[in-house]
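The data blocks that follow each hold one structure.
Both complexes shown next keep chain A, but they swap its partner, so chain B is in the first and chain C is in the second.
Let's turn to the complex of A and B:
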């Protein structure tokens, strides 16, 4: 009788424990897969760093060879009048295309999303208290209208291929993510730029009415870096 | 004799049971730990897609930069070879100048692309910001050359409403509806971006009651920029 009882208890315990182990093994399997996912994550992080470094190196080297090319080009064209004129024009074109670092006088605009509790804001619309890609496009357009010769937003040079887009809630320029606060630098006639951008009824004044924090300042020493991407046109052909 | 046997048996069973229980319980504890860790790794694994995205971005940037680097090195090589042999280098500068003129908009160009017609209708006028948004979306989709009513859009072109929205000034020229916007670039890409359901330009503007017509063309012709391109306020800054 005693033996039977022991057997039954044993049987039940074994059953429970086996059941528990089975459940745990299942968990182990999923745990294993997440563990390996952490490994791929780390692997991916390493990969990202590796490629970033490769890019940085390549970019450094590109900067050097572009400089060499310019020197070689100058050397090659200096004895020929028409060639050196062409060299000059090429330089101007590249500057207009945003392929050179430039400096000069102009204005700096700082934009920041409105404070949430800003009671001064006339607009009840929350969306208007945030800076959207359309706002940046409008400001860039006003800068161009005031004769800006070089523009950059958060270190992204505006070129003739630049787009300012909004994907989800991420703003992108030249395919690079940027975010509020925005710093827009523009080189050109300082008086004209400042006057146009701060006049009553300007786009910036409208934004400011909505509660966006707008700050415009003049500067005589603005540096704007060149476009870091690559322009590679494949579809346009010159009509002869 | 029988009684002793039974006792030994009993003790043995108890010991075995005890060991089994201890080992099973410790296994279970180990498992619980893993379960807790699983919750943490879940958050980390969420970053995987983002990591992959970043990785491919850096790869593309590296490849583009590397391509440009090779191109620059080749040009240096070409110049050096010509100079060594005392040959004329003007061919090379001509080629470079042609390419830069093409990129900047100083040449008439043709290629595959799209044509978009925007019309004022009884309820809705086309205004400057409609065109600005279209240009931005075309650039995002990789347009290499753009014109509005045969006025070439270059980097410095501004688009402004005039006379209380009755005209639009594009690059200081007064335009009236209909506005014909031409763009050259990868046709499939241009078309699919603009025609995205609901969020694409065409759908978005049709839904808001504006008149928009879209057309793809095997051959689009775009005239060169009709004006002087230069700068007054910029100074080139050399790379360190």
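Let's turn to the complex of A and C:
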């Protein structure tokens, strides 16, 4: 073997080694875990990741089929006057159900748990310094009362079937876990929403008295994503 | 020449490694073992160079052979519910420390010899 060959082999080997080390470091960093040496733990983690991947794939497929459905619908209603009316009706219904992406003007509310050492907080009840599902419910209620047409909390659209529940130490909306800080977006009349939520004695003012960090801002360009689940019913029947 | 090749190889490896997709978490355990085996081979190679019996064929076959064998053994251990990878780590890292100790001693001796020679030279100069 001459010197050139030796150089090339050593170079390739160094390449492989550093390449492998880099990939390994990045993999461990993204796995974001305290070093667990047991392979059973890894197996469990891997299973979770696999299920997540499956879920993502299924969601992607759902999106695709929704698109084809839309296309088919449009084709069917192209040359027909009465069915194009139906199509418009369908669109309105979907918008009302929260099944379309919408945008418009409205307000954004940001809520965050109180700082631990906040001495300004009047309440010494530690529970009041946290944001609970009941607080979110009250805020959503006030928003609806003020005429909000679309509401979203941390990317979870509030629909007819949404529930805001407390599951141990996290809040669940539409079955998805969310946590503080909360960002509530609402589309509707800016003046009404802002006035209603910032008036003295509103629920938000009570919360901020307890030390919770509340921030309300108007925005002309709020976009709210559609409800990602499926709406179906089994027991209700329309009365003719 | 050889050092240039090594440095270029390392640089390209790091660059591509940083920009490449990551592997699934399950396989990172195997890759870790392979890396340890390869590193062991590298230190073994340096030790052989010091002893002046370095053979590229043995080095390359050890580099890849050890890596692949350790991966296979780890896999077997997982199937049999025995943590064979622990044994592999103990063996490889133990040998790595051995080789490192020998390398260190070699260069330390060289350094001491070099200093003594320098001292002698200085003494000679003074005498002159």
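One rule holds in what follows: the second predicted complex is superposed on the first by the 197 of 240 C-alpha atoms of A that agree within 3 Å, B and C clash if a C-alpha of one lies under 4 Å from a C-alpha of the other, contacts with A are read in each partner's own complex, and residues count from 1 in each chain.
In this section, contacts are C-beta pairs under 8 Å (C-beta built on N, C-alpha and C of every residue); 3 or more make two chains touch, one makes a residue touch a chain.
A quick note: this is a predicted structure, and the numbers were derived from the prediction, not measured.
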Exercise. Now for A:10: first (chain B), second (chain C), both, or neither, which partner does it touch?
Worked result: both
Problem set entry | chain C versus chain B, contacts on chain A by residue | B
Problem set entry | chain B versus chain C as contact partner of A:21, first or second or both or neither | both
For this session: Scan A:189 for contacts with chain B and chain C and give back first, second, both or neither.
Result: first
Exercise. Touching A:46 in the superposition: chain B (first), chain C (second), both, neither?
Worked result: second
Problem set entry | Those residues of chain A which chain B touches in one complex and chain C touches in the other | 3, 6, 10, 13, 17, 20-21, 24, 27-28, 30-31, 45
Problem set entry | Parts of chain A lying in touch with chain C, wherever the complex brings them together | 1, 3, 6-24, 26-28, 30-31, 39, 42-43, 45-46, 49
Exercise. Where on chain A does chain B make contact in their complex?
Worked result: 3, 6, 10, 13, 17, 20-21, 24, 27-28, 30-31, 34-35, 37-38, 40-41, 44-45, 47-48, 51-52, 54-55, 58-59, 61-63, 65-69, 72-73, 75-77, 80, 82-83, 86-87, 89-98, 100-106, 133-134, 137-138, 141-142, 144-145, 147-150, 158-165, 175, 187-189, 223, 229-239
Exercise. Contact residues on chain C for chain A in the complex?
Worked result: 1-2, 4-6, 8-10, 12-14, 16-18, 20, 22-26, 28-29, 31-32, 34-35, 38-39, 42, 56, 60, 63, 78, 83
Problem set entry | Complex interface listing, chain B residues touching chain A | 6, 10, 13, 17, 20-21, 24, 27-28, 31, 34-35, 37-38, 41-42, 44-45, 47-48, 51-52, 54-55, 57-59, 61-62, 64-69, 72-73, 75-76, 79-80, 82-83, 89-90, 92-94, 96-98, 100-113, 128-129, 132-133, 136-137, 139-140, 144-145, 153-160, 184-186, 221-222, 229-239
